[in-house]
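Got a structure here, written out as structure tokens. Questions coming.
Order as written gives the chain letters A, B, C and D; numbering starts at 1 within each chain.
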Amino acid sequence: MLAESLFFSAVLFTIGVIGVLTRRNAIILFMCVELMLNAVNLTFVGFSRVYGAGGQVFVFLVMTVAAAEAAVGLAIIIALFRHRHTVDLQNINLLKG
Amino acid sequence: MPPFDLSIPAQLTAALGPDLLLMGGASLLLLWAAWREPSQAHQRAVGYASMALTIVVGAYAIWSLYQLRSATGGPIAVDNFRWMADAVILLGTLFTIALSIDDNERENIPVAESHVLVLFASSGMMLLAAAQDLMIVFLGIELMSLSVYSQAGINRRSARGAEGALKYFLLGAFATAFLLYGMALVYGATGTTNLADISSRVTRLGLAHSPLLVIGIGLLLIGFGFKVAAAPFHMWAPDVYDGSPSPITAYMAATVKAAAFAALLRVWMEAFPAAFAAWQPAVAGLAVATMIVGNAIGLAQRNIKRMLAYSSIAHAGFLLVALAAGSTQSGSAMLFYLLAYTLATFGAFAVIIVMARGNDRPVMIDDFAGLWSVRPWLALGMGIMMLSLLGFPVFGGAGFFAKWYVLQAALQSPTPQTTLAVILVLTTVVSAGYYLYVVMVMFMKPRPEGSIAPGATPALTRAVVVFSVIAILLLGIVPDRFVRLARAGIMHAVPTADAAPAATASTAGTATP
Amino acid sequence: MLLQSAVSPGTHPLAGTIAAWMWAIPLLPLLGFLINGLLSLTAVARFGPADPTAASHAAHGDEGGHGDADHGGHHAARHRFAGITSIVGPGVLVAAFLLAAAIFVRMHALGEMSEPFIQQYFSWMPVGDLSVDVAFRLDQLSMLMVMVVTGVGMLIHIFSVGYMREDPGYPRYFAYLNLFVFCMLVLVMAANYPLLFVGWEGVGVCSYLLIGFWFSEKANADAGKKAFIVNRIGDFGFLIAMFLLFANYGTLDFSALQAVSGQFVFGGALITTIALFFFLGCTGKSAQIPLYIWLPDAMAGPTPVSALIHAATMVTAGVYLIARSNFIFAAAPVAGLTVVVVGALTALFAATIGLKQWDIKKVLAYSTVSQLGYMFVGVGAGAYVAGVFHLMTHAFFKALLFLGAGSVIHVMHQAYHHTGSHDDAQDMRNMGGLKKYMPVTWVLMWIATLAIAGIPPFAGFFSKDEILGTVFQRAEQGSTLAQAHWLGLPGTAVLYLAYAMGLAAALLTAIYMTRLMLYTFHGPNRTGEKEREHLTEAPWIMTGPLLVLGLLSAVGGWFNLPELITHAIPLGPTAALEHWLDPVVGAGTATVVGPGAEATAASTETILIVVAIAIAIAGISIAVAVLKPAALVPKRQAKPEEGFERVLANKYYVDEIYDATVVQGTYGVSRNLLWRGVDVGLIDGLLVNGSAWAARFAGWLGSQLQSGQLGTYAWVLVLGVLLVLGAFHHAVLP
Amino acid sequence: MIDFLTSIGYMHWVLPVLLLIPTLGAMAIWLQGAPGRGAPGADDVASGAASVPRLMAFVTFLVEFIVSIGLWWTYDTTNPGWQGVFDVPWIPSWGIHFRLGIDGISLMMILLTTSTMVLAVLGGWTSIRKRAHTYYALLLILTAGMLGVFMSLDLFLFYVMWEVMLVPMYFIIGAWGGERRVYASMKFFIYTMLGSMLMLVAIVYLGLAAKSPITGIPNFNYDAVLEHASITTAASFWLFGAFFLAFAVKVPMFPFHTWLPDAHVEAPTAGSVVLASIMLKLGTFGFLRLAVPLFPAVATNDTVRGIILTLAVIGIVYGALVSLVQPDFKKLVAYSSVSHLGFVMLGIFALTVQSVQGALMVMINHGISTGALFFLIGMIYERRHTRLIEDYGGIARVVPMFAAALTLVTFSSIGVPGTNGFVGEFLVLLGAFRTYPVFAFIAATVVIFAAAYLLWAIQRILFNALDKPVNLHIPDLNRRELALLVPLLAGIVWLGVYPKPVLSRMETSAEHFVQSVQTRALHTVAEGNN
């Protein structure tokens, strides 16, 4: 089971990465990141089967933090939307050089 | 010594007293901040209170430092390195709040919570400095990052601020995922998240070549590399620094970096010394790339905040050299460097705050033209900051000793990093191209016709500049006391990278501040 | 006193006598230099305002003052310190000469003096095993030179009082002239090569200053600079020779070197190289091929300067140097032959140019070059006495010729000055028939002309004859020179050739000198009608010294009469000079002559003398027969020369060739290749600014990547992930 | 004199005091007026605001000079070791001491510095018209830095002092310089820094190589590094290279010289004088003090020596040839410095007593002569605001005193015997000829070119026709300028005629240098063979 879960989580993680690389919408991008985090959670859980509860504690920590992150992130996206009326990242390049 | 038992209140306060004080105080201040209508007076009052809290916590941390307590193992480190790092972090916090109070007023951001956010971020940083467990590292990083993400966008009227915050947040979260994955793999390889246990298991089980561990270290390096803005994970930094309010930029450039480096060093030195050979080339490569990228692109900047952003990237490269050396000196060199860098960065940003024009308009280097003729003291202060960042002796004060220390660490390594040292100094020469450009513009260009003199320097901002200048110059003349303090801050695990376990106990045990 | 504190030990016969004062001989002119120099500066010093920047903004109201200080010597009033200078300037020379004469008398009274009298004053450059002292050496050779320098110098100083008194730069002139004499005395009295070099360069500096004395004319300033630089080429050789000596023999002191001269490998490469480099120095200072080009230009200086520096003393320093270094040259026959060849070539070559010059001073200048060639033929052939003898007689008659020419120029100048004409006061085509107006000068000039042409019993005859005779002897008798080979030619052939060239040059000398006399003093007068009224004899202060020199030119030969003559007519002591100089150059001469040389048969000697006289007379006759002073037209109406005459008048275009190749070549390479190419282009442009540009460009490139697009950042980040993980690759592999 | 000085313990305190005086002076001047007083950009000379700081600076420098002059007598010429040693721990954790001391070489350099600086203030008396306070303060700091380099007996301290000089000079060029001052100052700074930064690495390396085996603390003490640093042969080549680069830039040796013409041309008079007279000597001093003694085997290695000597000789000839075609008089003198400093390098690396002594003499002489040349250029520039040679012509008629001074200085620079210039060049060539005749031979050709470029230049300035009306009313030297030139002219003649007092003070040190380098080089080679 360990190998499968590790492989699966790696695939999930990669999908997340590809998503980040290819999508242009801030919210979708953020979702892809969440996907990556959850992939990692899966890894932790997988390893927990071998090593005991430590990994699972970590998973709870990650979930909590991810929730907080979502709150902050969405707030930031809304703040930006108020200025630019878009969340398409291609149009967001005031800052460059 | 055995680890502290955190369930015993006395030992808990011994191990986490300053952190708890800061978190508790910050929570109370948050309530107070939210209690009243937003106003400049309120913002200022909360700011003062935050500063007072910071000073108290700082005093507590320094007092702890002099208690000479130490413990090995456990999730929380109690050693001099931690308290020293705390002191540097809290100094940055104090500066940030002081500058924020003035900057909020000038930019008309009556948000009292901004100071509290700084306090929360700092408590995350203090956790990072103390973390001896990957979980604590993660917790600290996220606590710090989330607060700083919000900080970056605190000026809600600024489109640039919002854009910066978004970029920071998205890329930060993205990088965090790598960091986390790295932690998972390390956990998978060793079965523990405790740094000391990781180290002992790597040695005991001969895991130095285990793919899981090695990939895990690599991903951790990426995560930390993002936080310290090492190339090629640096791309966020210039944009975010550019968009954020100046005090926050300074905070990100100096203090966030300090905390991230403290954690990076601890993780690397305590958990992975046995894998030195595995990670050293990568860290060295990262250092080289960062030094070159930061200093080269810095040359092309005309916006001073972006210039300082690249400068900050370059400094991350210099600090990575100390890490790549993996010598007994690395830790203390890094601490000293971070202190000097904090002073110079905050000083520089304080001047930038004075020069700001508002209206979301970036401050350009050419805005400093002829500053000497209208605000000579300010120009002088900025000149000293620039020379300090350049690492120039006497006139740049502490900056030079910082660089000297890093060089010494690099060359004193069991595998002397001569190439890194040479690249360090050569890229430093390149950096002279942009630091001196600022100096040149201030002192050698005429003030453009019809340009308005910058407004009066607010008291706190001035205090930051004056304090930084004096501290930099003093440290540049009599650094010995601080060198000894920084030396005492070497962690117990560090010397194992030297493959000299016998020295471990003696260094940590006998060192006195 | 510092200078007396370190006098050499008192065992020498001259110790404790008047000779102990020999340090004062050069110091007197130095004193004169200081006084005159201060006078000169005091007179013109006018302190500027305390704040020159502020002053320069508001300066233009201040008219007058500086503008009238015309150094051209045409319209200015007499210098306000002229009186003091007239006394101090020549006075120090008179004193120096009297002192020198007193020492000479004392020395002469000693009879034989085998060891030089050396005074050490202080240590100049004591470094490690090098010890260069400031020390003067008085021996027979330096005594002779001191006498010539102070004596002729004194006369020319006196002459200058008349010649230069109206010049606004009068004290400056005497300051330079005194300084020159000081340097020349250091040169001849020095006890070691470095100190000799001090004098050697010092006279060059003074020559530079005096040639460019009227510096407002670009040509004069150019001439001074040219003289100095060309001399420096020679000095380079001198320096190398010194370095070679020190590197191989560890000393530069004459006595010490003479003591180790036993170590010299006769005819060895080292000693030959040393001698040749010394000779390179001589070609510069003494205007020999290929470095003679500066001397004719040097005539831009005041005429007494030409007489003193560029005829009588400085230019003969090379001859002195070889005589002084006879122990080196004697050991290097190839170098000796080189000296002979160069000397003979120069003598002939310069004489041909002298044939077609119109400027009276230029004729004399080429004549000087030519006569110097003779001297080198002499010293090169190991006839050190003959060379020095000719040096001395030449000093007399050439000084006389120059001063006579100076008188003529002075008078012409005065005449033009009165009428406001701007014609060339030195061009012989503008003169003619001056014997009517300047009879004394005319007579004296003829004496000098006969002397230089080699008509007995005038001085030049004896010295020139001795040189030519010795060269012939060296060839005939199988001396070391004759046995050596020069560029594959046997030494004998070279010497015979040199003898023949010497004779040819003697013929030409007689011709061009007669030409000079005919065009200047004979025939109809070609000055304008108005000018003619002002033509008159120069004042006595000028003709007085001429008379003394005339006397010396006439009887100078008595100093060293050949045995052949004294045998026939007991005129005086036989070969007095040879005996006098024997302690200094005797050994060197003996080395050159080699063992087993026989005396030349009296009959051969007689034939040589007859040939020489015949050639001199032939030259004069040809000139008188061919040249038609009456047919000359003034310079303004003259047609340019044609054919080979033109080549001669243009001095074989040597200056032009040098300029086009060496000078312009150096400038071209320096400007276009080194400065613009290497410095500005390669080092600064490509490497320095190029690397700065490259760094900036890299920065710009990097900042272009910083596009502001989050997508790009993410891609770069992931790329970084791959790179970092790749960097860990090695750790996983076994 | 000696008794009096001994009675006040002169040698014990003089070195730190020499550093202290200018530092305090700088602070006093700056606090007295800058940056508060006077409108920026105002003409401080005209308004009188400059009179106080320049007087303070002058007095400070005069005091400094008077204090330093005692060294002339108290220096013990028989003692080859360090004298006047002052040693206090500075950063003990890093094994860094504030250790000062002098030998005969640094003695002369210190005296050259203190005397030149007095004149340098006089030279800028009226030409520094803006921000006078800061200018004089910087000049004093600069002096402290330069003196510090000459005195340092700790590698770290040496480096610090080395860099300390850089900033004041950067500002002096950049803020008070000519039209292209910004470019020139930046180039100067970065060029020099590039050189010195690698030296920094080398110094750290050396300090660590000499670290205490017990405490592990590095040791930067010069003598300790000299005696105890254990360096492999390969490393010593690299380290020498680092020092070489730092010093070669400063000297400057061909091809690292291109910062010099720009810096010289743009710097104000005192800046040019300090650059030429003192700062360039720091490079050659660095070779004498650090690069060669620390790595004798490398410095005497045939290839390395061949390369350095080749560069030196190229510099000698090249500098002279390029000088020949310069239209700007200051630039001409700058390139001539390249040539002269080439002689110093030739002398040092020829490694004979004569050549080293000669090199030291050239260092002093170049300080005097080129300093004087820059003063003179500054004076005429102040009057006419042009440095182009072709803008002058025939001015000897209107400024005879200036002309006389310039002519004498020119002769000195050409190396006419009887002036100081000859003694140095003669000794260098004479000494070098013993070991490297070919190099010396080529170098000696410069006697020709030097005459050519300088005489041609002064001819076009002083002589020829006075054909430009604007030159008709140039005022001659004023009393201050004359007073400043007289010591220099006297020095030119004194050192040309009687250099023995100077030579004898440097002799022990020069001999010690040559001998120790040669014996230690042999020793090192022998060790390497074993």
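Criterion: contacts are C-beta pairs under 8 Å (C-beta built on N, C-alpha and C of every residue); 3 or more make two chains touch, one makes a residue touch a chain.
Just so you know, these numbers come straight off a predicted model, no measurement behind them.
Chains touching both chain A and chain B: C. Counted by C-beta pairs in contact, the busier of C-D and B-C is C-D. Closest to the protein's overall CA centre, chain by chain, comes D. We define each chain's centre as the mean of its Cα atoms; on that basis chain C and chain D are separated by 37 Å. The geometric centre of chain B is 78 Å away from that of chain C, both derived from CA atoms. Taking the mean of the C-alpha atoms as each chain's centre, chain A and chain D sit 63 Å apart. Mean C-alpha position of chain A lies 95 Å from that of chain C. Taken residue by residue, chain B touches two or more other chains at 166-167, 170, 174, 238-239, 300-301, 433, whereas all remaining positions touch fewer.
Multi-chain contact residues of chain A (touching two or more other chains): 20, 29, 92-97.
In chain C, the positions touching at least two other chains are 692, 703, 706, 708, 710, 714. Touching chain pairs in this entry, ordered by label, are A-B, A-C, B-C, B-D, C-D. Interface residues of chain B, counted against chain D in their complex, comprise 372-374, 376-377, 380, 387, 392-395, 400, 404-405, 407-408, 411-412, 416, 418, 421-422, 425-426, 428-429, 432-433, 436-437, 440, 443-446, 479-480, 483-484, 487.
Of all the residues in chain D, the ones that touch chain B in their complex are 34-36, 40-41, 90-94, 156, 159-160, 163-164, 166-167, 170-171, 174-175, 181-182, 185-186, 189-190, 193-194, 197-198, 200-201, 204-205, 207-208, 218, 238. Within the complex formed with chain C, the chain B residues making contact are 166-167, 170-171, 174-175, 178, 208-209, 211, 214-215, 217-219, 221-222, 225-226, 231-233, 235-236, 238-239, 275, 277-279, 281-282, 285-286, 293, 296-301, 430, 433. Residues of chain C touching chain A in their complex: 703, 706-711, 714-715, 718. Interface of chain C with chain D (complex): residues 41, 44-56, 59-60, 62, 65-67, 69-71, 122-130, 134, 194, 197-198, 200-202, 204-205, 208-209, 212, 215-218, 221-222, 224-225, 228-229, 232-233, 235-236, 239-240, 242-244, 246-247, 666-667, 669-671, 674-675, 678-679, 683-684, 687-688, 692.
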